[in-house]
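Let me begin by handing over the structure; questions about it come next.
Read from first to last, the chains carry the letters A, B, C, D, E, F and G; within each, the first residue is number 1.
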Amino acid sequence: MSEIFVSILLLAGASFMVLAAIGIVRLPDLPTRMHASTKAGAMGAILTMAGVALHFSDSAVAARAIAFIVFILLTAPIAAHVIGRAGYFTGISLWSGTTKDELRERYDPDTHKLYSGLETKTDRAVPDNNKDGSG
Amino acid sequence: MNPELVLPILIPLTAGALSLAFWRSITLQRVLAVVATGLLLAAGIWLMSSTIEQGFLVVEMGSWPAPFSIVLVSDVLGAIMIVLTGIIGLAIAIYSLASTPKGHEKFGYYPLMHLLLAGVAGAFLTGDIFNLFVWFEVMLLASFALLTLGGERAQMEGAIKYVTLNLFSSAIFLSAVGLLYGMVGTLNMADIAQKLNSVEDPGMVTVVSLMFMVSFGIKAAAFPLFFWLPASYHTPQVAVSALFAGLLTKVGVYALYRVFTLIFTQDVAYTHTILLWAAALTMLTGVLGAAAQFEFRRILSFHIVSQIGYMLLGLALFTPLALIGGVFYIMHHIIVKTNLFLVSGITYRLLGSYELKNLGGVYRQRPYLALLFLIPALSLAGIPPLSGFFAKFIVVKASLEASEYVISAIALLVGLLTLYSMIKIWAEVFWKKVPDHVTDVGRLNGEIKNTHNWAYYVPVVGLAACTLIIGLYGQPIYVLAETAADQLMNPQLYIEAVLGGTPK
Amino acid sequence: MLGIAINIVYLMLSLALLFAFIRLTRGPSLADRVVALELIASVVVGYVGVHAIDTGVSSFLDVAIVISLTAFLAAIGFARFLERGGVKDE
Amino acid sequence: MMLLAVLSGFLLAVAVPALYRVAGKHIGWVLALLPALLTAYFVSLIPAVSGGETLLIRNQWMPGLGVSLDFMVDGLALVFALLISGIGTFILIYAGSYLQGHKDLGRFYVIMMSFMASMLGLVLSDNLITFFVFWELTSITSYMLIGFNHEDAEARKCALQGLFVTAGGGLVLMAGLILLIFITGSYSFSEILASDLAIHDHGYYTAAAVCILIGAFTKSAQVPFHFWLPNAMAAPTPVSAYLHSATMVKAGVYLLARLNSSMDGDALWSNSLMFFGAATMLTGAYLAFSSTGIKKVLAYSTVMALGTLTMLIGIGTEKAIIAFVCVLVAHSLYKGALFMLAGALDHETGAKDITKMGGLWRSMPRTAVITGLAALSLAGLPPLFGFVAKELMFESVINSPVWPWGLLTAAVASSILVVAVAGLVFLKPFFGPVRTTPKQPHDAPVAMLIGPAVLTLLALIFGVVPFVPAIFVLDATVSSVYGTGVTTALALWHGVNVPLMLSGASLLAGSLLFITWQRLHPTLYAVNTAASRFGPEAGYFRFMLGITQVASWQTRVLQNGVLGIYLLILVLVTFGLTGYTLFTRHGFQLDFDFSNGYFYEFGIALLIVAATVFASVTRSRLGSVASVGVLGFGVALIFIHFSAPDLGITQLLVETLTVILLVLVLFKLPPFVNLSSPWERYRDLSVAIFAGATMTLLMLAVLDIQYFDSISSYYIENSYGLAFGKNIVNVILVDFRQLDTLGEIFVLGLAAMGVYSMVKLRAEDQHKP
Amino acid sequence: MIGLFWNLLLAIAWVVLSGSVTAMNLLAGFCFGYIALMVLQNQVPALKGYSRRIPRLIAFLAFFLKELVKSNLRVAYDVATPVWHMKPGVIAFPLQARTDMEIMFVSSVISLTPGTLSLDVSDDRRVLFIHAMFLQDEEQLRNDLRELEHRILKVMR
Amino acid sequence: METLMAYVVGLLFTASIYMMLRRSIVKLVIGLIILSNAANLLIFVVAGLTRGAPPLIPEGASEVVGAVADPLPQALILTAIVIAFSVLAFAVVLIRRAYEVVGTDDLDKMKDTDT
Amino acid sequence: MKTNTLILHTAALAIMPLQLMFSVFLLLRGHDEPGGGFIGGLVAASAFVLYAFAFGAESTRKLLRVSPRDILAAGLLFGLASTIPAFWTGQAMLTALWWEVPLPGEGYLKLSTVLIFDIGVYLAVLGTLMTFVISLMESDE
């Protein structure tokens, strides 16, 4: 019985991995690749670990599997965020199908200020809309 | 339980760690440098006397039985090397008090020095082939750091070569250990030797032995593996050069002596013949390299290579007399070569250059320094009755005895060319007038007084005294070399001492 | 059952490794390569998990935990490289 | 006592600086006390030695090596010892005056005393090795003496030449002596001489003889090694006087004489001596005649005398040996005197060339008289001892068992030339028209004349009453060279015989030559200049140049500064040697049996391969770094897969940190550019493939071999029971093999220190004021 | 109070990790957690009221899991099919979260959800810039994100 | 599997040596990294590969169950990894300093010190 | 470009204690399960590396309070100290000594020179890596 669950978990986890891998190869630009890879990768790892916990049905193993899941949940998005951000700000080219970019227009590359767009007029010294590129 | 066998490693390790802990107190580090190296020498002498008394000293680390634990072993050769390490360590420590730039002292010169000595001592004492690798690396890393300390351009360029080629050597060493382990399943050198004795078809052992030969040959700066040495030895500050010159390559030589007498004696006709030609070419290329140089330390560096050839010759001939000669040569050379570098440092301090064309007039102004140069220089050239003469004499005699006439001729020719180099330095640095373009001769004439002047001269005088003693009162030294060679020729004694449960 | 599943999983993970590596070689930007590297780390975790089940040795789990705690640092390092003006198209 | 006698010179040398401070300008007289005392001591040994006794004194030195401070005093040694200490006495006195006020006088005496002591040690040593020690010491001390005027580049060059030739010969001699030791099994001259071993039947004999001859010939300036000796004139005159008369150059002759009785009886030995001796004699005489510098003339005449001595040993008859001893003594006496006198001339007139001097007898009458007598001895004219010696020489040449006519021709020719030379030395400076010299000439002080005077007087006495030396030491000396007891009777006058007629003829012809010297000289000069391009000295210079050129060529080729080449050589040597050995000692066998692997293991292997290849070929630095990261993951997977979780974890951590370090460092470095040519890349690639393939073959070979089981079972069995740990790898690391780990953390610490200082301590900061 | 919370959390985590539930082990975990926090004490911002959050946490986790699966499938579908259905873009998402910790958690959870990726926070911390993969219905997306944020904040506050 | 790994290790040696022979100092460092991996793998492979039996004594047991992998080479490799890492860290910083001081990453231009 | 993000800062503060704790965990149980001083030290170092990436070298120095060099020195001295007790008992260097300290309640706390040694390794690794990272980062800043 548990074997089946374990198998399912493992296969599901591996499927996510494969999905992430195909995504990373197929998708056209960095952010979209990251949508596939980082999350699906993490998801796959989590599912695999769940399978491990189930397989051993041992409290110590389970505890470690849970710890692993917690750690992955904490670190994976941070890595994704940092890389995505760095990639974005260094100006990697976005897919031509990208529809809008609300960040670019609020970023001042000279002062490295990133505005929320919610500031009162006085907060914002120089409008920099004209500085953005094609988007 | 023989603490004297452990102390030569423990003292410099502890001194290194303490110096690191006292990073900010230069004074404390300086005191510690002299005290610890002094203790190292004392421990070495203690070790020597125990070893002579007991033949072999063996300590099983962690009290685990022998082939399973790492053993420290001291035979006479090991004890000799430790005493020499102590002598050189103490000399360098004292010299460093005066010669080391402040910046270097602030950035870990003393801890690095201690740890280099620890690595060297560890390599000399360990009876375990992998542990030897570890001590090699300790030594190597310390030498890397010392070599680059100061950050001059030449140091960086030299260090890249030094580091790369030595790392290649380490990788080969490590691979060879792996292959050897794959075949015999043990790491204790005595155990390996014993087991290999009963192997029927040791062809593969010979193959692996050549990897060890190449790896140690690189460390020893043998032909044609020496390139790293002349590329780098003249670049660091002089006390470091001197320390390297005295000890580092000799660890490679020692390792060759150890494994090619204890472990790899399956196919002596093959392996030792390779060594023989390597030795001859090492002598020759080294000395010719020196002939082409016109910089004090570069000349000395190439001569290290050349002299390594003599030591290898002792091993390669593999007769009792040849081994005596080799061991004698090692003892003599370590002291002499270190001293020459130290003298070059003094002339550098006096005239601000290592280039022969910028040096001169030292004999006129500093006759005693000139004498202090002549002693090691003539000894290096093999002029009697200095230590180098007897060293060369034994080696040449051994090679003639072995009917290796070409090798003997090369050894003699190299002796002549060595003399030529030393005379070149003597004529240019000491006899020649100070060149006209050298304006800063104030220090040469003794106008500038340095408060630590004595620290320059004490080690130089001490080492010169050693050279004279080896030459003039050589019998005890000869007997030591003889005992060492005797032990090397009878590896069974070593094996029994390590594995046979001799009284400890 | 589990044995077959494990073999299938090994196969899938091998494929995932292959694809991720293709992205790593292709780039084009450094960030792309780093993403691929991160994915490979994840796949290794998956591999470790399956291997633990396959061999019945739970100690392998620690490998996964260590990866989860440290592998992302490489990504942060690369990001820092980019932030500090490193060449992005490498 | 003997030990003290030999070593006292060294001891006194050490004390010279202190003495100099006390004695000041009288230092020469003070120091001369020692050789004077030594002379007295050696004189005191005469009775015993002339009674046929050989004194042997034994002192331990390095018994293990067969080296001992054993001394032997027989006739030969005693004669030499007497000459060395006796002439040395006067040289020291002379030098004090000659070099008075010289800033390096103290140093001069230090070296001089050492030189004298070395020379004494050389002639008195019984032990072959000790003999060689002193031999080399004379080379090195004479180097210091020749280069005494060390700020003069020419002096340095000449000193080097002398040293190079004699030390080179010395090394050959060392080989010869070692072979001799092998042949005889003895380290002792006295034992070798006493044994009736057939040395020349031994297989080593030829090599030993050749080596010893080369050693002796270089030292004693035999053709073709004669060129260094005249150049040694760069030394201050007292040195030349000493070197030529009693020491240094005589060392070679001493050795030949010393070994003669053992080596004699073989054609190689005696014919070489005769041939080279005669050639040297003739060459020396000719060159002396064709030179103009007074010291040079004397120097070449020394070459001639050395040739004569060598030739006489070679002839080896009893007569010849008697002649040998007489020539030896006579030459020492007159040559010592003449050199000191030449120095006096130089010192008082400031001129060195005989063509620049003339008519000096008026201003320097005492010098003139002594010079005249010494020159007579040189020319071999009665009633001086030189005459006795020359007559004996002619006689033994005539009776030579081999080549009598050839030798005689050479002897007569030399004799003619030397008469002319004597004329040059004496008549040119003192007679003829007065020439202005750089200094106002006047007679030399007593310190400078006492030596020449005493030596010339001795030559005169020995000439007039030749039985005096004969009684005291001659017999013993000849006996020790000849090998058996000999009784001699010397006389100035033997009646009209062939030698006398030859002497007369020589005198006549020599005088003619002397008269025509002025006219001949330009031609001789031109001939010598032309010949010097092909002579042995030119050979020496070519050799030295050759060494330098070969050296710099070799260094350019080998130590070329290109790391790639260094590494290439290392790799080729490593894998060439191992590969060849593998091929010859074990054999290659490729193995393609991969059947025991699972497909995902192939996957991991493929990942490693792909990552490695990509890391190597990509032109993107960070792509390469990332790929190395993947490689690390792959290796970690291997570790994990094959039961090494600790390794896996460590590998992953280290890989991550490596990538971080690389990234931290790399962005300051430029992007990859292809720097090598395609040829270089193919070359490197083939070498790399060769290396990798060899490694694979090695591994495949070792995989099939397991001589013994691993010792690991001990760790596995005792990890928990004895070391209280369940992770056996960790237990090995922290307990069974803790020392490795201790070393390892120090390696880490060292790397930290190295990195820290490299980053923080910058050269450019240090150069800031 | 906050320190204690973290400390206990760490202690429990310790016990869980080491897998041996003894008083000694808890104490050890407490000590090590204490040491870990001691290093950090100057940097950790205030946190309070943690005890009420456990049920909300469970609810949130359920919600999150649902979102996770849903959006994963959506991404998977697009990756697996040859034609791109996606309509990516960067949107500015005004934040309710105020403290650093809140913002970090919100952005992390958003990043974890396939289809959305937090790029950066404006300097005044009022807007989170998100790269979204499916902007076909931007309002729906914003609503989903707001709900997610709300649930997180309920757990954290 | 050992056989296959022997070929892989050979390739690693090839790649590392090829990279170390390049003139760029960065490639040199990458070569060094590959080299240390190669040596470590070599030891691991030559000592024999064992699947799924790490040298650990299970919880509650006092000795290993069945045959386990040889722990000794693992310990050696662990030490070697650490040492290689130390060396590598040093080398990496060295090449950076060399680049800063010499002003080039071309090793062929760093030959002033030799002759 | 723009550096320093709030998210990374906060995350670093959240993740770092977990890493540190886990590192101690790895250190202490290394004798029985995968782990040990070296692995523990590396994980601890990654914690500080994370902090350094988020907050910079200077802040990391402040956080550490002592210089990384001193941590290293302490590690080396701990490593050496573990060799000393064997001397007192007259055994060979590095002979492991074990002491069982009875604890309140049941069980014993196992103390040993091996543990001291492992702590030394841990500290040495941590000190070394922090030296690398901090000095390299400082040289860039």
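The working rule: a residue touches a chain if its C-beta (ideal position, glycine included) is under 8 Å from a C-beta of that chain, and two chains touch if they have at least 3 such contacts.
Just so it is clear, the structure is predicted and the values come from calculations on it, not from any experiment.
Looking at the partners of chain D and chain G together, the chains they share are B, C, F.
Comparing the chain pairs A-G and D-F, the larger number of C-beta pairs in contact belongs to D-F.
Averaged Cα coordinates give chain E a centre that lies 29 Å from the centre of chain G. With centres set at the average Cα position, the gap from chain C to chain D is 69 Å. Across the assembly, chain A contributes residues 22, 34, 38, 42, 60-61, 64, 67, 71, 74-76, 78, 80-82, 84-86, 89-90, 114 that each touch 2 or more other chains.
Shown for chain B are the residues that touch two or more other chains, namely 13, 16-17, 20, 61-62, 130, 134, 137, 141, 144-145, 148, 151-153, 160-161, 164, 168, 175, 179, 181-182, 187, 230-231, 292-293.
In chain G, the residues that reach two or more other chains under the touch definition are 1-3, 5, 7-8, 11, 14-15, 18, 22, 32-35, 38-39, 42-43, 46, 49, 69, 72-73, 76, 80, 83, 93-94, 96, 128, 132, 136, 140. Every pair of chains in contact is given here: A-C, A-E, A-G, B-D, B-F, B-G, C-D, C-F, C-G, D-F, D-G, E-G, F-G. Those residues of chain D that touch chain G in the shared complex are 645-646, 649-650, 653-654, 656-657, 660-661, 664-665, 668, 723-727, 730-731, 733-735, 738-739, 741-742, 745-746, 748-749, 751-753, 755-756, 759-760. Note for the complex: chain B touches chain G at residues 1, 3, 6, 10, 13-14, 16-18, 20-21, 23, 59-63. The touching residues of chain D, counted against chain B in their complex, run 60-65, 67, 107, 129, 132-133, 136-137, 140, 143, 147, 150-151, 153, 156, 159-160, 163-164, 167-168, 171-172, 174-175, 178-179, 181-182, 207, 547-548, 550-552, 554-556, 558-559, 561, 563, 566-567, 569-571, 573-574, 577-578, 581-582, 585-586, 695, 698-699, 701-703, 705-712, 714-715, 735-740, 742-744, 746-747, 749-751, 753-754, 756-758, 760-766. Those residues of chain F that touch chain B in the shared complex are 20, 25, 28, 32, 35-36, 38-40, 42-43, 46-48, 72-73, 76, 79-80, 83, 86-87, 90-91, 94-95, 97-98, 101-102, 107, 110-115. Contact residues on chain B toward chain D in their complex (touch as defined above): 13, 16-17, 20, 61-62, 64, 67-70, 101, 103-104, 106-108, 111-112, 115, 118-119, 122, 126, 130-131, 134-135, 137-138, 141-142, 144-145, 148-153, 155, 160-161, 164-165, 168-169, 172, 175, 179, 181-188, 191, 195-196, 199, 203-204, 206-208, 210-211, 213-214, 218, 224-225, 227-228, 230-231, 267, 270, 274, 285, 288-293, 363-364, 367, 378, 383-385, 389-390, 393-394, 396-397, 400-401, 405, 408-409, 412-413, 415-417, 419-420, 423, 427, 430-433, 474-475, 478-479, 482.
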